[in-house]
Each structure stands twice: as C-alpha cells, then as structure tokens.
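Each structure below appears as structure tokens.
You will see subunit A twice below: alongside subunit B first, and alongside subunit C after that.
Up next, the complex of A and B:
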C-alpha cells in the first residue's frame, strides 16, 4: 500500500545483517538478563529457606527475606524478562523491518540506563523504600526515570516499525502495541494508586497493573517473538493467518479487561468482578486459537521438536501456556477462588507462566542466537540439553507441587483449623519446591558457564572462518 | 485496518487500553467518590488512642525517647497524643510496605471460606477510603493470617516480642525476625518499632466487634465513633 519512497529497501538489494543489528548489544542484554536471573533465583531460594525456617543469613535489615521476596519478583520482571526481550527485539525488529533502530548511541544509552534503573530498584527495595504496589515496588523516585526509559525504548524501536511499509507482519503488531501498552501500564500502575486514588479503587488499578504487566508487556513481546522464530526454525509460514489475526485482536481486547480477577471477593463492586471473570473465560478461547495455530504450523514435522533444541523450548513453553490458561479458566471462577486464593496455588501459577512459558521461550531464543552471534558452536551442546531438561523438569515439579499444596492450604483454612496447621501441612510442599528451585538454579548456572566458555572460545578462534549469520551450525535444523 | 499501523496503534494500543481503564478503574473511582479519603489524623479513634497510651505505659523509656513527654494539661495531652499517633500510623504503614509484610499477610476478609468466622466482619469499601490505604494493602498471598482485624486482638507486649522473634510465641513460625525495629531488646522498640505496633493495632480498631476467640473489653477511654459505624 505505501508508495516506494524508501528506495534503499526496494529492488533486490537487501541490507546486510551487520548494518541492521548491533550484535554486541544483543549479547550484552543477554548477559544482563542472566545476571539478574541469578540474583532473582538466589532471592527466591532465600525466601524458600525462610519458609522452611532454615534461613542461613543473620537477621539484619538488608538481608530481610520480606525485602528479598520483592527483589525476587522485580529482578525477574525488569531484570530478566525485560532485558532478554530488549536484546531479542534488537535482533528481530531490524531484521523484520529491514531498518536499523532509530539510533545506535541511543540504544547503548538505553541499555545502561535500564541496568541502572533495575539496580536502583533492587537497592532501593533492600534499603526499605519499596512502593506498595505489587510488581511495582520500584521506589517512587525511580518511577519517572523508568518511564523515561520506556519512552525512549518505544521511540527507538517504534521508528523502524513506523517507517516500514505496511501492512505489518504479525510479530510487529504485537511489538508495536506492546511498546505503547508497556508505557501506559507502567504509568497507570505506579502513579495512580500512589498519588491519586486510595482504597478499593486503588485495588482495581493495582489489579489492572499486575495483570497488564503480564498481559500487555510480557505476553505480546513473548508471542511476537514466537511468531518470528517458530516459522523461521520450521522453514514454513504460520498455519493460518486468520487465526493470527483472531489471536492478536482477541488478546488486545480481552486481556486488559481482566485486572480485577486478582481481587475477587474484595469490596470492589461485584458486577466489575463478574465482568473480569467473564472476560477471563473469553480470553481462554482466544488463547486456544493461538495454540491451535502454532500446533497447526508444526503439524507433520513434530519430530523436529525432539531433535531441535530451540524449537523444543518453544513448544514446551506453548504447552505450559496451554496449561496455565486452562488453570486460569478454573481458578477464575468464584467457586474456585474461594478455595485457592491466597494459597500457593497462585504462586504455582505465577511460576508456571513466568518461568515455564516466557523464560523458557527466551532461553530457547538465547540458545538459538548465541552461537549465531558469536559465530561458533556452543562450547558444550550437551550442557544445553541439560539446561533444557533441568529447567523444564524443575519447573514442572515446582509448579505441580505448589498447585497441589495450595489446595490443601485452602481446605485447611476453610475448615477453620488453627493457622499452624496450614503451615505444618505446607512443609513437605515447600521442601519439594526448594529442591525443584535448586535444580532450576543449577541449570541456569550451567547455562551461564556454557555461555561464558562459548564466548571465550569465540574470541580465541576469531581468525578461523566465520560462517555467514543465518547459516551458523548449531541447532539450525 | 487490522494489520495497519494506525489500527494497531490507535485501536489496540490506545483504544482498548482506554476502554479497559474506563470500565475497570474509572467506574469504581466514580462509585466511591462519595467516600472521601480520610487523613491519618481523621483515623484516630478511641480504641487506637487506648493502645497508643498503652504503649507509653508499657515501654516508657522507648516511648519517651521517640516522642518525648506529653504536656501536663489533659486537654493538650490529648491533642499531643493524637498528633503523634497520626505520625506513627504513617510511619508504621511505611514500615509495613518496606518489609513486605503485605506479601505474607492480606488485609481483607472475604465473604467465603468461613473467613468471617475466623477473623470477623467481611471487608467493606468505606474501611479502605483513607490515606493509609493508598496504595491499598489488600495483598494477594497469605502465608500468615489476615491482619485487617488484628487491632486489639493481641497486646502490645505480645506484638513486640513477636516482631522481635516470632518463634518465641508461635512455635515453628516461618515469619522472619525484625530485630532492627528494636534497640537490642523487645521492650525497647525504636521509632519504627513503635510505629509498626501502632499500625497493627489500628487495623480493625474502627470496628466495635473483635475476633471471637479473645474477649474484647470495651476500652476505658471511649468507644469507636458512632459515625464510622453509621457510614457503613
């Protein structure tokens, strides 16, 4: 539809990868992401130990488990997930639009600014400046900086997308919308309940914020990434473009409507709670279309999932996505809420979606991209396999354990047993969770070591022939 | 439209977000606009004053160190207590947020799962229309019990020892220790410690009813203002 004003893109000559993608920055983002993942997991382990009354650390202020729990969730959201997404977007967006990002120095500025924001958040929380919004504990004085950072991100990535001739490919729908949504969500959640509204209305905004952060920041960036990498790895187009359309527009409409389902049975008006429940159930059908689309794309080449590691990550994530959404359709009903709200069921759900889906996808993309960027095979591809099995296996155990434990906690409370009873019955579940967490942690450490050794190998063998990007050997199918 | 930049930016990016915001956030704001936000000063009530003066009697040294000595004139003393109480509530709420208490304790009683029998009256909107619930401390996880009806349920001594080292009072409690709210001993809470004790005693102090398993004796000062109950 657009006129051919962008002559450099028209015709046969295609810009070279080196002119589009700042490879080094992608790697840096991965390093930052994995660093925060390590910190976050250590924090999770600390909280897990505290619950079992085996906290090894002395009782001093900055080591308080309550504070580290907030570091746990914030380091994952803003340190791991956001960093990994930014790195991956630096790869995907220029290659899809055939245009580099707006400005390379700006990209580097954003990189450092974002690390500063995440570090300041963690330090602020540890020194007792947490803000009272779940997932928005970022101390209030950091909020303006974070917002400025998100704005710069939107401009830097928005430029190539806006300049590309439309209509856009699916991935870019998700990315473009997410750039707007993330900024709006962050502004809404961090500013409104802090300065403008209190009580139940603040609860409604807080619910919207928790949910939009997952639904309008993490989910669209995640699915956008899948719509890019899955067809490339399978070397075939998505099964149905119509379903892609249904998936995007269904998500865009229904996702933001569900915030209040985090606060069911609160004093928030009941008809709003029913609305959130209904739109949550509606979204399950949308999610199903997306999953059908991806399974349809795979149809006939299923064995690739067994042989190709990144693809296996992707489809494992898709499987977990299906499971979490199924779980969500159950837990959102008021009948189920009465039992499972406030229990470990929800914590199991949170780990399944955050780690089982989005982190696995990102780790899969890292497994795929790192050898391409470093232009050498993984130092030890076997370790990559171990990383996969320990991560997804550990997660599976952790999530099912917590989900089951949550049921027992709920029953114990409803039966009006003394509070200790619910603590005592949780001990076995909390122990299993800790073991599963340690396995997941070990897997990430192995991955980090593998990454480091691969990087070292690549700098040593730099003079050796360099295969063209796109054709690197590892896991290329 | 569905694959165009303008459609995605304007309809999905801005339009749907705005629609959700209007329906899910602006609607409750409008519905509760007849309940103005109370300040910490307005939250002071008889039950709470009783607890605050109780702190002054139980921890005289600590109390004096943090707040000084009340004026001799009873009327001025009353004003003095109320002022410090409001400040303590604000600081207490800050400590509650900073320590992440709200990730282990909820602050609302649901109408299901026998919660009203365990903790007392089901949560109502007017209870949350105040400065200390901005942002609201509903919470999403209960490792420990709900705290919205905690006021008056335990003595200040109990809470002080419990914050200092929960396991002394609750066997096998997974709740962390908070010795930095004290000066080395549970009977010497510092400013944050006293503030947190006040804050915990505030929770539910606006209700005449208290939990079923500990008898509530009407405070010698005065009962909760009738207006608060009427507002329900």
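Up next, the complex of A and C:
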C-alpha cells in the first residue's frame, strides 16, 4: 500500500480512501462469506429434510446428518459471519483511524489462511474428527492454526486502532475488544475442556464458550459496524455517543459470566446460576440503552428506512435484536426455562439472532458497499429488494414457527406425553421451517447471481489505482 | 439533543446499571469466598468465576486508563470527528470522480 497521500479539504489533511482501504480484499471476503453461507444453508436444508425423515443422502457415513448439522453451524459462524466481518473491518478500521492496516501482504495471508482453516474444519467434521464442544467442533489439530490466525488478525487490525489518536469512536472500542475477546474465547472453549477441566466444570466452560462466541465475537463486531454505518447513511452523528459508551462498557462487564444461563437446573451451584440470571437482567438494561440510541438517531428521519435498502436491513436487524432480547428476558427465568429447554424455541431464537440480526446487517452492508467498490449500480436493484423481502420474511416465518413449535413441544413434555407424541406434533412445524428455509436460500442465491452479474458489468480494474468511493451508486446516499 | 441533556441521561442510565451490578458483584464475591473455604465439591465453580474476575480486572484497569486519558470529558467529540472525516472522504471522492 502506498503511503498516505494528503489532500487538503477545508484546510484539513485527509488521506485518500484508496491509500487506506484494500477494496479488492473486501470483495474477496464477501465472495468467501457468501460461498460458505451457501454451503451452510444447503447443510441446514439437508438437516431439515432429515428431521422430516426425508434424508436425501442415506447410508453415507461421511454425509450423515449429525455431521451436516455441525457443518451448518460452523460454516455459518466461521465461514459466513467471520469472513463478512473481516471484509467489513478492512473498510471500516482504516477509514475511522485514517491509517491503513499493519501490513497488506499480511492481510492477504490471513485471508487465504482463514479460508484454509474453515475448509479444513468442514472436511475434518465430515470425516468424523469433530471435537466434543458445541461450536468448537473444529478438529483439535486445527485449533493452534485457528488461534494463530486470530492472533494475526488482532495484530493487523489492532495496530491502526492503537496508533489512532484518542479518544476513540465507539466502533473502535467494540472492534478492539472483539479482537482480544475472540482470541481468548476461542482459546478458552477449545483448549480448557480438551486439556484442563472435565465434568461439570467443562460443562460450565462450554456454556461460557457458546455464549461468549455470540456475545464477545459476533455482538461487538456487529454493533461496532452499526455505529459506523447507521450515522453515515442517516447523514447525522449518533444521538448520544456517551450512551453508546455505556453500552460498550456494560457489555464488557456483564457479558462474561452469562454463559451459565444456558445451564440452569444443572449440577452447577445454584448461586452461579442465579448470578448468570442477574447479569443477564443487567445486560437487558444495557441493550435498552443501545436500542434507544439507535431509535434516537433515526428520530425525525424514519421515512429513510423505507426508502433506503441498507438502512432497512439495519433497522430490521435492530428490531429482531430487540425481539431476541425480549425472548432472553423470558428464557432466563427458571420457570420459563423449565418449559422451553431442549425445544425448538431455542433453535428459533438462534436463527433469529444469527440470521435476523447479524446476517441481515452484513447483507445490508454488502448491499451498500458492493456498488461503491465496483463503481457501478447493482445489476438489478429490484433483485436486491427481493433479496431483502425473502430473507427477512423467510426468517420471520422460520423463527416464529420454531418458537411456537418449541412451546408445543415443551407443553407436550410437561404433560408427560410419550416422546413420540412430541415428534408427531413437531412435523408441521418442521415442514414450515423447511419451506421458509428454502425461501431464504433462494434469496441468497439471487443475491449471489446479482453480485456476480454486477461484478461482470463493472469496468473497475483492481490492478490500477482508481478512486474507491465516487458518485455513490444506488442505495448509498 | 443538548449536551446537558445527554449528560444527565447518561448519568441516570449509568446509575441504573451500576447499582444492581455492584450489589450483584459483592454478593457473588461473598459466595466465591464461601465456596473456596468450604465444600470441596463446589470448588470447580471457581474456574468460571476466576475467568470472570480476570476479565473484569482487565476491564477495570482499561476503564480507569481511558478515563485518565480524558475519554469521558467530551463524550460526543469522537462521534463528531468520525462524521466530519466521513464527509471529507465523500467530498474528496466526488472531486476525484469529477476530475
């Protein structure tokens, strides 16, 4: 990357975008993310079919449903979400800090290494090498490489953030923390239960791991991204930056001990379980501050959400975030937990937060950035609209269906009906889930085709330095 | 929204969060001491708590360091700077596109 060329605007020095951001890498990350999302969704569809007893690949050990399920969750977390976040960070961090990442060759090395890690994980899982930790199924021999990769990511992105003159904008706080948290969370979940602790203790660490993966990796990267893109698209700063800092520090202090709320009614001591319940309730207040802030920022310009597609994605995600937190408030009570534990309520909750919130945000950012990077309008803007409606509509149906189905399953078990009865009553719900999943899948394929055709019609050549942001094409400003 | 209003709102929300947090933390710490002193079976619970304490200690230090560097004096400053920088990027990009 060339050294920053300064241009004078309003008497101030400002580096040029193309000296800061490696646009090509951002696009590559998006391509990788969408590829893994396609694989993951295919695996989800296979798993959905299996639950309806229509496994299209019976009697093939390597492709057995249990393994597909792990490919589904791992490819989404490390293949789709992580890749999309990394691409977006390559855009956001240099623009916020006015500094490029530490090293461009290192960025490319990380890109290829990360794809190798995710692919090796998928292959390892299919060949029966999964590690016995939920969401930490990455085969044991891959863990050191994954950790090294995360360390390099932290160094590459951490350098410009640490060198930026303070005080930091809230996005950078979230990003800085996520870089450290992700490394530590991965190490804790994958190494502690494997080598150091066992029994209930390993269970407690496992709970901490799955929860922290959502709360200390996905959540800070997601909210950090929103605090950057929402003000830009709304053309006004956040309603209150102070309140956003309350949200950040609240997350930092209350999140780490919540994992145990996944293990209520287990042999883990009751005071720890109550502790997790308490800190979950405290976090609900924190979430409220974040949502109030985003609604406050929108105040008076609500119609923009209807007209601007990326903003619509963002605020739809915020609405789903509010709904999932509302669910959390119910789930964390012992009474309610007794009803919904082990049911499809939890699966509905997981899809709502992972797809309804974080994936929709990322798809919104892609919808905004792809034309800006390729310097041409979307091949078919109408398809983008279809993508939005089918994704969010499909998810709404899938999540509501599973949440409702979960309640019926819980009631069936509470009434001490035979297990078969609960399977029987689940069939219609699982069928609806499959149809909704197929709609969501079709939407992503449409997006991928639109992306490909947009890239093909773009005249931008990445070997030549050209301005990265220009007369903003569709959906932008 | 005026800076004054932002200020007292932030303080109220802060108090709302901090009070239950401090109470909860003190209670939890007491429980930890009891577990470590007594019942051997419960001692495994120390792992997640020590995890939490370490993380929290780090964050307390970071918070104090940030406060000492003046990050909480002009709360909306970084937001303004970020927004102005983005507008500069846009202006520069438009100028380059016109050239």
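Operating definition for what follows: the second predicted complex is superposed on the first by the 453 of 477 C-alpha atoms of A that agree within 3 Å, B and C clash if a C-alpha of one lies under 4 Å from a C-alpha of the other, contacts with A are read in each partner's own complex, and residues count from 1 in each chain.
Operating definition for what follows: a residue touches a chain if its C-beta (ideal position, glycine included) is under 8 Å from a C-beta of that chain, and two chains touch if they have at least 3 such contacts.
Just so it is clear, the model here is predicted, and its values are computed rather than measured.
K.L.:
After the overlay on subunit A, what do you see for subunit B versus subunit C, clash or fit?
P.N.:
Once subunit A is superposed (C-alpha atoms), there is a clash between subunit B and subunit C.
K.L.:
Going by the touch definition up top, name the partner, subunit B or subunit C, that contacts more of subunit A.
P.N.:
Tallying touched residues of subunit A, the top partner is B.
K.L.:
One more residue to check, A:199. First (subunit B), second (subunit C), both or neither?
P.N.:
Once the two structures are laid over each other on A, A:199 reaches both partners.
K.L.:
Tell me the contact category for A:61 with respect to subunit B and subunit C: first, second, both or neither.
P.N.:
Touch status of A:61: first partner only.
K.L.:
Is A:287 touching the first partner subunit B, the second partner subunit C, both, or neither of them?
P.N.:
After superposing on A, A:287 lies clear of both subunit B and subunit C.
K.L.:
With the two complexes superposed on chain A, say which partner A:208 touches: subunit B (first), subunit C (second), both, or neither.
P.N.:
In the superposition, A:208 touches subunit B and subunit C alike.
K.L.:
Looking at A:52, would you say it contacts subunit B, subunit C, both, or neither? Reply first, second, both or neither.
P.N.:
In the superposed model, A:52 contacts subunit B only, not subunit C.
K.L.:
Identify the partner contact of A:17: answer first if only subunit B is touched, second if only subunit C is, both if each is, neither if none is.
P.N.:
Only subunit C is touched by A:17; subunit B is not.
K.L.:
Name the contact category of A:232: first (subunit B only), second (subunit C only), both, or neither.
P.N.:
second
K.L.:
With both complexes superposed on chain A, which partner does A:370 reach: first (subunit B), second (subunit C), both or neither?
P.N.:
neither
K.L.:
Given the touch rule stated above, what does A:162 touch, subunit B (first), subunit C (second), both, or neither?
P.N.:
After superposing on A, A:162 lies in contact with subunit B but is clear of subunit C.
K.L.:
Enumerate the residues of subunit A that count as touching subunit B in its complex and touching subunit C in the other.
P.N.:
Subunit A residues touching both partners: 166-168, 184, 188, 192, 197, 199-201, 204-205, 208, 245, 249, 252-253, 256-257, 259-260, 268-269, 272, 275.
K.L.:
Tell me, which parts of subunit B touch subunit A in their complex?
P.N.:
So the residues of subunit B touching subunit A come out as 2-5, 8-9, 11-14, 16-17, 19-21, 23-25, 27-29, 31-32, 35, 37, 95, 97-104, 106, 108, 110-115, 117-118, 123-125, 127-131, 133-145, 167, 170-174, 176-180.
K.L.:
In the complex, go through subunit A and note every residue touching subunit B.
P.N.:
50-53, 55, 59-61, 64-67, 69-70, 128-134, 161-162, 166-168, 173, 176-177, 180-181, 184-185, 188, 192-194, 197-208, 210, 216, 245, 248-249, 252-253, 256-257, 259-260, 262-263, 265-269, 272, 275-276, 334, 337-339, 341-343, 346-347, 410, 413-416, 419-420, 423-424
K.L.:
Would you tell me which residues of subunit C are touching subunit A in their complex?
P.N.:
1, 6-7, 9-10, 13-14, 16-17, 20-21, 24, 27-28, 31, 35, 42, 44-45, 47-49, 51-52, 55-56, 59, 63, 66, 69-72, 74-83, 85-86, 88-94, 96-97
K.L.:
Using the touch definition from the top, list the residues of subunit A that touch subunit C in their complex.
P.N.:
Per the stated touch rule, the residues are 7, 9-10, 12, 14, 16-17, 95-96, 98, 166-171, 184, 188, 192, 197, 199-201, 204-205, 208, 228, 231-232, 236-246, 249-250, 252-254, 256-257, 259-260, 268-269, 271-272, 275, 278-279, 281-282, 285-286, 289, 296, 467-472, 477.
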